[in-house]
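As written, the chain order gives the labels A, B, C and D, with residue 1 at the start of each chain.
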Amino acid sequence: MHVTIDQAQKIINAARKEAEKTKTKMCIAVVDSGASLKAFHRMDDAWVGSIDIAIKKAKTAVFFGMPTGAIGQLSQPGGPLFGIEHSNDGLITFPGGLPIVDDEGVLVGAIGVSGSSVENDHKVAAAGVKVCGVSDLPEHPWRT
Amino acid sequence: MHVTIDQAQKIINAARKEAEKTKTKMCIAVVDSGASLKAFHRMDDAWVGSIDIAIKKAKTAVFFGMPTGAIGQLSQPGGPLFGIEHSNDGLITFPGGLPIVDDEGVLVGAIGVSGSSVENDHKVAAAGVKVCGVSDLPEHPWRT
Amino acid sequence: MHVTIDQAQKIINAARKEAEKTKTKMCIAVVDSGASLKAFHRMDDAWVGSIDIAIKKAKTAVFFGMPTGAIGQLSQPGGPLFGIEHSNDGLITFPGGLPIVDDEGVLVGAIGVSGSSVENDHKVAAAGVKVCGVSDLPEHPWRT
Amino acid sequence: MHVTIDQAQKIINAARKEAEKTKTKMCIAVVDSGASLKAFHRMDDAWVGSIDIAIKKAKTAVFFGMPTGAIGQLSQPGGPLFGIEHSNDGLITFPGGLPIVDDEGVLVGAIGVSGSSVENDHKVAAAGVKVCGVSDLPEHPWRT
């Protein structure tokens, strides 16, 4: 199951509204459950460097069905996943990427946000997810 | 000068309307005048392989300020630009990518569409451009 | 708005003069506000490995509108942006890359310098910026 | 032996003068005999897509010690080098890249020019080479 384009647009609109509330300029990406880009939105004056980061955050969140920040805690020096960022053409493992899980607990996609502090990026991503589902997956393995 | 996100959304909406009229499932990308992604929209059931093609078409059109199909006519075997597709991390040189030129003749970005025949891709791209400008650049060099 | 080629040459000349004063052999890159290469200069006997680093430093500085070293302070293990170097085909986040901001506070490009210690790289980059603007951006978001 | 930075600048200046005479907007790259970038110059309003093409033309010319157009004649469908563009991270094999050979017949680098028709690109490249050497290599194998 994949997030639909109508859902992706609602997600982006909600995220953008939150970005405006926090006075930030964000790149917002939505990918489907296969990690393929569904929709993307770059606000005027957002950092050009955030395009790739937003997309990579969304992909990373769907690759492993967890918030990007959770992976980042495991990929620190000495941690069990140190260096995982080298896989999959480059992961981004700090906050701002969240899985999108529907009412039945199915991972349908993910959102990635970049353009401000990681706290703001996360907040904007969470506002996007909320309109279409939650970010908590049932115990892995889950259905896709 | 760059296409704004508001313009990019209008461009995508117009392109999507045309796609629906032609009963096609399209990936639609808009880039700014520096070839950086501004907005992207993948209709439900569009080919996954068209994501990259739509983005590359938009980039190609802005890279050289001309329709992708015009480059493709020059890059055929025996033609003057044979093999140009190997540059810039991969160009797409068949129709479906069009520059977006504003009222003052400035290249502000480009649209790339992929998902059907090249005729349909081009038609949908042209419908997108029309809401914000034209595809004809004044004689190169132009202003950016 | 982009740095012009005349400005880029003045920037490189000033940076080179500073390099000669510090008896270093530098690679010096200038990119425009879209992170596209504008001008490049490799002094005789500069490290071949510094070519890519100088270009990546310039790109990194324009991607996020800040000195590369400022990003590097946030991307350390345990820091909020740990691993950001994996984005955008590779960032360089130690000193030597500086944004170029014009009189009106607009980010018009960036300079990247590599070839000696990071202190020297930074010093040479700063000497380049000084002829055409400053490195301090007004509070993000800025205009491009 | 490598082209020096002083020579590279003279080459670029001569190429730029020719570009102005032909009213074209060019990207001009000079690489050393190891195919590493020595100097680069993008005229205002030159195509963004020509940056990579100019650099790849210069590299291609030095990789094989011959004009890029000569390789392109061998890489056509059915030709002995069909597909060679896939090597070395992408070659450009149409005219505009020329080796730089010094007085003693040594290949010291190459120039690559992109931004107009291949005839103009070649003409501008040839004007650059002329100030520091010739484009004709002695019979391969040659000295580097």
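By our rule, contacts are C-beta pairs under 8 Å (C-beta built on N, C-alpha and C of every residue); 3 or more make two chains touch, one makes a residue touch a chain.
Quantities reported herein were computed from a predicted structural model and do not represent experimental measurements.
Any chain that touches chain C and also touches chain D is listed here: B.
We define each chain's centre as the mean of its Cα atoms; on that basis chain A and chain B are separated by 27 Å. Between the Cα centres of chain B and chain C there is a gap of 31 Å.
Looking at chain C, one finds that residues 34-36, 144 touch two or more other chains.
Chain-to-chain contact here is organised irregularly, matching neither a line nor a ring nor a star, and falling short of all pairs touching. Chains touching one another form the pairs A-B, A-C, B-C, B-D, C-D.
Residues of chain A that touch chain C in their complex: 25, 44-50, 52-53, 56, 72, 75-77, 85-86, 90-95, 117-118.
Of all residues in chain B, those touching chain C in their complex are 2, 32-36, 144. Interface of chain C with chain D (complex): residues 4-5, 34, 36-44, 48, 51. If you check the complex, the residues on chain C that touch chain A are 34-35, 60, 62-65, 77-78, 80-84, 86-89, 91, 140-144.
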